[in-house]
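What follows is one structure encoded as structure tokens, with my remarks underneath.
Letters A, B, C, D and E mark the chains in the order given here, with residues in each chain numbered from 1 onward.
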């Protein structure tokens, strides 16, 4: 068990180191001169050299990565090229926004997916199941960017009930924060709801076909208790994985939704940084996301053991 | 009697997360032409592991397997592939052992197609018909069917035909009938029996069902936690088991018109193979276990003609000489357990 | 067709209680699966079980044993529609057209089931205590401590060592034999009157099988449980079931006291079944008698005796007309035009059709 | 077509309202709030810059450069030395006086390479600065420059007091920073010690909304009061959506040739393309009639502009020129990834294709595009600029021999002479004549094609008042202090 | 790019899930027929329409910008007067091009890795597992955006990269298949007969893994189309003169209020295509008879 966790941690660390190295190599990938593009045609050779040093272009990628990691361990992720703000400050501002958005979207997705999947799987082939499956299918076919557009158009422009863009931090004005949260969270959540529903339904169908469900029914357990207490937990693993990986990826932000709704989260930062070749910020985002995914994977792994005691048993 | 296959001191160790699992320990078997040896034991006793070790799929952790005098371990991968047809196996689950996407004809002909250019491939179609006939399936009806269109007994017969197509010298059947209904089981058992006799195959028949074993095998080896605990000709062994475990197995077999025997076990379940008991592995369930059983592992001992047993306290009439038990303790075989 | 019931069978009445715990009359079940054609799975099934009695039902795979027990329990398979006719009486009350709420209250309380595979019939992520007490918690809330205490008692009653510890365990931490005991404890928890045991030992080793069956016997005797013991291994019923019903393709083709049926089978199918079982005792048969052909396709409608196509005694009428009931002895009947006769058969059963000349020689 | 786009002008009925918050949607992220950062003093961001800093000089209604923070800016006879008079008593937000020394410090700070200010090149034309009195600075130039005040309308002119540590410089503007999250938003509040008129609103919140459409939807749905806009569709649609606009012809779209590479080193090829392109169609299709065809290098509202006879489309002439050249013309057309640029390129592609010129569109993201442009790694490029509103700086930056931003690599002695004359002449008539000469050369030699003048500016909610009429201006420069919100 | 992914499961319950019957996909269901017809129409249009005379997707009719759907321009024209129908058909080319490349990369690389990892186990499995871990921990969309800005957008870059990020999913699907097949009797039987590994792969493994992999390929196709659309929408996708659906939708959205057909028609086509692909993938997975008629 501990051995297993230690091995997982080592593997996770290796992943992070490799991703960091790859991220450090990014400036080397660029065509033309990053320095010229940023500094303009009047830049002096000294300015260019200083710039190259700042983004690690003067070194090979390995050495740059090493320096980056060494600095990162001291809590220094460098400064943004765009505004000179320390990247850590920038991330500190953005991560909470992105996490709030992620949490809200997952709530939306789960609030839809759980009841729908449970009802669908309980009576497979019934009218509700067929309707829900068909809807999920159609829903799944609507990309987030189309959905977001429509939501803005309908809710913000036509009905004017919700703001189209922008963000108010929760600490400033909770009510306004919620108003700004609704549309982006719906866009993300509704798209995921379809995926969640399908995943959970498929797994529930599997579970409900198991003898132990029949056995519990044979002991008089009613449908609600059967579904919630007996079937949901063994069916939860794929969903937990989805949410877990989603959480890790969420640290990188949803570029699309955040751009569309001008949410000042990590995704918006990523888009701006990429557009502006703000390499220190890009690198930090990539690495932070990788760390997030790796950590989420570990957490999911541990959660698995709580959900399904057999797994813990196998690895003991 | 000619020995076709000789397995010596086979040991199989599975690596698990909880440490090495000794599935098979020092098992030696000899298979003879036209004779069938049955391997009997509880679930998890290592029956399938022995079969796989013999087939070198993969090779055993220790021990050697020689077929027709050739040591399989000494063969190059290519030579091993060419040699493989000599030993064939039929699996427990008839349906999952047939590729659901291929027709019966192609499944049976696989051995012919896999080694093109050898003598076997003379006339594919004729050979397929011949094989299907041999297992009692009408070629016209069955050659073009897919596995999903076969019943369990038919599928098992197709699997046997596929094995026969390789012209094996040894045929292993791993629980080949335990998934079948009695009527289909009888058909397959008859078929196996007939084939070993008419084709002169050496058979290894793996089963947990003593009734079935009696119907097909000439000899029996009883396996307990990866070790052979008793061996002998089927009829003799079933008539007078020497090992308490064999006796318990036999006593537990329910049969119409037969009162259940009084053989009983101390513990219901076998111990974990990850952590087998010291000395005699059976002692935790053995009603006759004594101090010596915990200390020393009983060696395989010949107790009668072609009968061997590994027990410190074999049942009468095979009771061990007193020297075998340094404590001088005689287990009381007459104790009756009230269950 | 009528199968002997205590009231219908002359001379049988005295040996039974006036109202059996379970009485199944003329039960027909047709399954309409989500895809594919409907299957006529049970045909005109009659049986009854008294309190404290064990009825063995034996038949090959697909003969409808599980459907029978599911129908009685009232838990049909998901995703299929099931059409039933006939009557299933529990203590003289028809549970097929009982009001749905009351019907839903029966499983676990009045009727309980032990499943075939202890590995799959326990929920891997739920502690033993919670599963064992399901029959109780389905009806009223039990506090955690109470649950564990009750569970430990129930487990102790089925000889599980260290019941308190096992109550906290998860199924995978138990061996196969223990798991099946847990299954039995869970079935007994609601103190049912009727226990349905659907192949309770098929997945177990013979040594374990014996102890589990002994346990069932003990509880049947102690609690006066009516038990339906389903198996495909006829030998297993010997000495355990008082009476046997032999099923073939959804029909009960023969029923009677266990010794009568095994010693003097009247139906050719029963006889063939008994012959093809390989035995550890008795004369050594190197070639086992077999039954040619395969069981019928349940999706196809058919007339006459279902076994006729495979039967070596079949005559032409067997495929056309429903076979009559042959009384082979006290409470021993078979549905057959050409039953096997035995010299010591009960003369009272001789009223049935005489043995015709066999069409083929018996193998 | 000018009438069609008349600025919907003022204002909510009644007088200016004081108080409240103005919410503005900016089109790009701001970096440091430092005039040295080119992003802050780009045209769309001047609204933000103006809240924190006061420019010394400003482009006024008629396009003329007039003093704003400065009291006066006067040249000597040959424009080689200028005297800047400052207002008395102006203080930075941090309380330090905005005096002559502060101006000198500011210019010197921006001239240093560390400032990374593109204005460093401008600053380099200054030979020396002396504070002749606390409110007076003398600026000596290396070369006479009659257009020097122009340089003080943007970065160099936004006098800021830079602290010694790394925190942001402080200006003397009507507002001071209250809260800032770079790349997201900045809130500014009234500067109590402001020297000028008190701003109407208490606060301005600037939000970064880079996506043009989101930005437009935001003003439409009332999330913000004012946005920067340059998308023709939005400008046109705003009329029907009950929004108001304040725009100027602030951007010229051009096509730059790399005159150093074949076949564009041949003026005939360039002229052939000049004859091919139908600017009226471009204006109609791409700018949706919101802009107008360019009639020469200078924007129509630019000072000293005299109409240049720009050739009318004549495909026959173009074919003839191409026939003279002989070799078929195929090239890559470098464009930045903005929808309008792509649309423009597609239209050009079709027009050029009709006379047998094969053009491949090569869209690049902006940094790569700029880097290619700077390194002259292109054949022909799409280029949009707001600098052509000012003749002196605009023309010499882009076409003067040896200028680092002379992307075409164009070198023409006649042009240089005309530009030098214009730059050195304080007399408006002489200056006008010189720039007319320059214009003629540029049209003749065609190192670049001038396509359309586009409308850029602000779209505002109906409640916003105080938006000036920008239609006569060549640079969009609005102070937030003048705006109010009726709520 | 969270493609609905086949998550590791504990119970071996899905062993017989993905299989197609003897006669391939059962196209009997009207839904599947409809889906297949729709795809056929779109693919045909993508191939044929841009080649028809007068159907140059880049050719603008400057006199009719933003014309609503009607005769002449069935789906209307965009803001430069280009025919929306023709452009949608041309956009299908780009979108399908990306999807095809994505799925090829995913299927070939992921399939090979998955089979190798499942079949060989041990070190191969661990190394491949690590590599997929690595890929999965990288924020895919962000990385594609970065590479696109650094290397420029092109079909190989975008398709290849999206494909790269579908590799782990394909690996997982095929690995699970190979792992369970390895233990299946018929594969063991083939090894026992001495069948050469290549032949086992061809005859026994691939045909049985293919349905699952192909079914997932449909999902991956839709994911690729949507991902490319999102990239285009953000300005990091394929660019003119070869716009993809995402690009066309993004371009038309500024006129959503005044000329909604410019983005809504391609958006509708995109949604329908994704729907059709999903449906076919699903039929492939579930429309097939179970292996054993129990």
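By definition in this document, a residue touches a chain if its C-beta (ideal position, glycine included) is under 8 Å from a C-beta of that chain, and two chains touch if they have at least 3 such contacts.
Computed from a predicted model, the values in this text were never measured in an experiment.
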Which contact partners do subunit C and subunit D have in common?
-> A
Starting at subunit D, fewest touch steps before arriving at subunit E | 1
Of all the other chains, whose mean CA position lies farthest from subunit B?
-> D
With contacts defined as at the top, give the pair, A-E or B-C, that has more of them.
-> A-E
Between subunit B and subunit A, distance of the C-alpha-averaged centres to the nearest whole Å | 54
Provide the C-alpha centroid distance between subunit B and subunit E, rounded to the nearest whole angstrom.
-> 49
Approximately how many whole Å separate the CA-defined centres of subunit A and subunit D?
-> 40
Quick one: report the Å distance separating subunit B from subunit D, using the average Cα coordinate of each chain.
-> 90
Where subunit A touches two or more other chains at once, by residue number | 30-31, 153, 157, 209-210, 234, 259, 271, 275, 277, 308, 310
Residues of subunit D touching at least two other chains | 365, 367-368
In their shared complex, at which residues does subunit D touch subunit A?
-> 29-32, 37-39, 113, 116, 118, 120-121, 166, 181-185, 207-211, 214-215, 217-218, 220-224, 365-368, 370-372, 374-375, 377, 404-405
In the complex, subunit C touches subunit A at residues 34, 73, 75, 78-79, 104-109, 112-113, 115-117, 120-126, 131, 134-135, 138-139, 170, 172-173, 183, 186-187, 189-190
Within their complex, subunit E touches subunit D through residues 58-60, 62, 65, 79-82, 148-149, 152-153, 235-236, 239-241, 251, 253-258
List of subunit C residues in touch with subunit B within their complex | 60-61, 175-178, 205-211, 214, 232-239, 262-263, 272-274, 276-281, 284-291, 294
Taking the complex as given, what residues does subunit E use to touch subunit A?
-> 2, 4-5, 7-11, 13-14, 130, 133-134, 136-139, 141-143, 145-147, 149-152, 222, 226, 229-230, 233-234, 236, 246, 249-250, 253, 256-257, 263, 267, 270-275, 278-279, 282
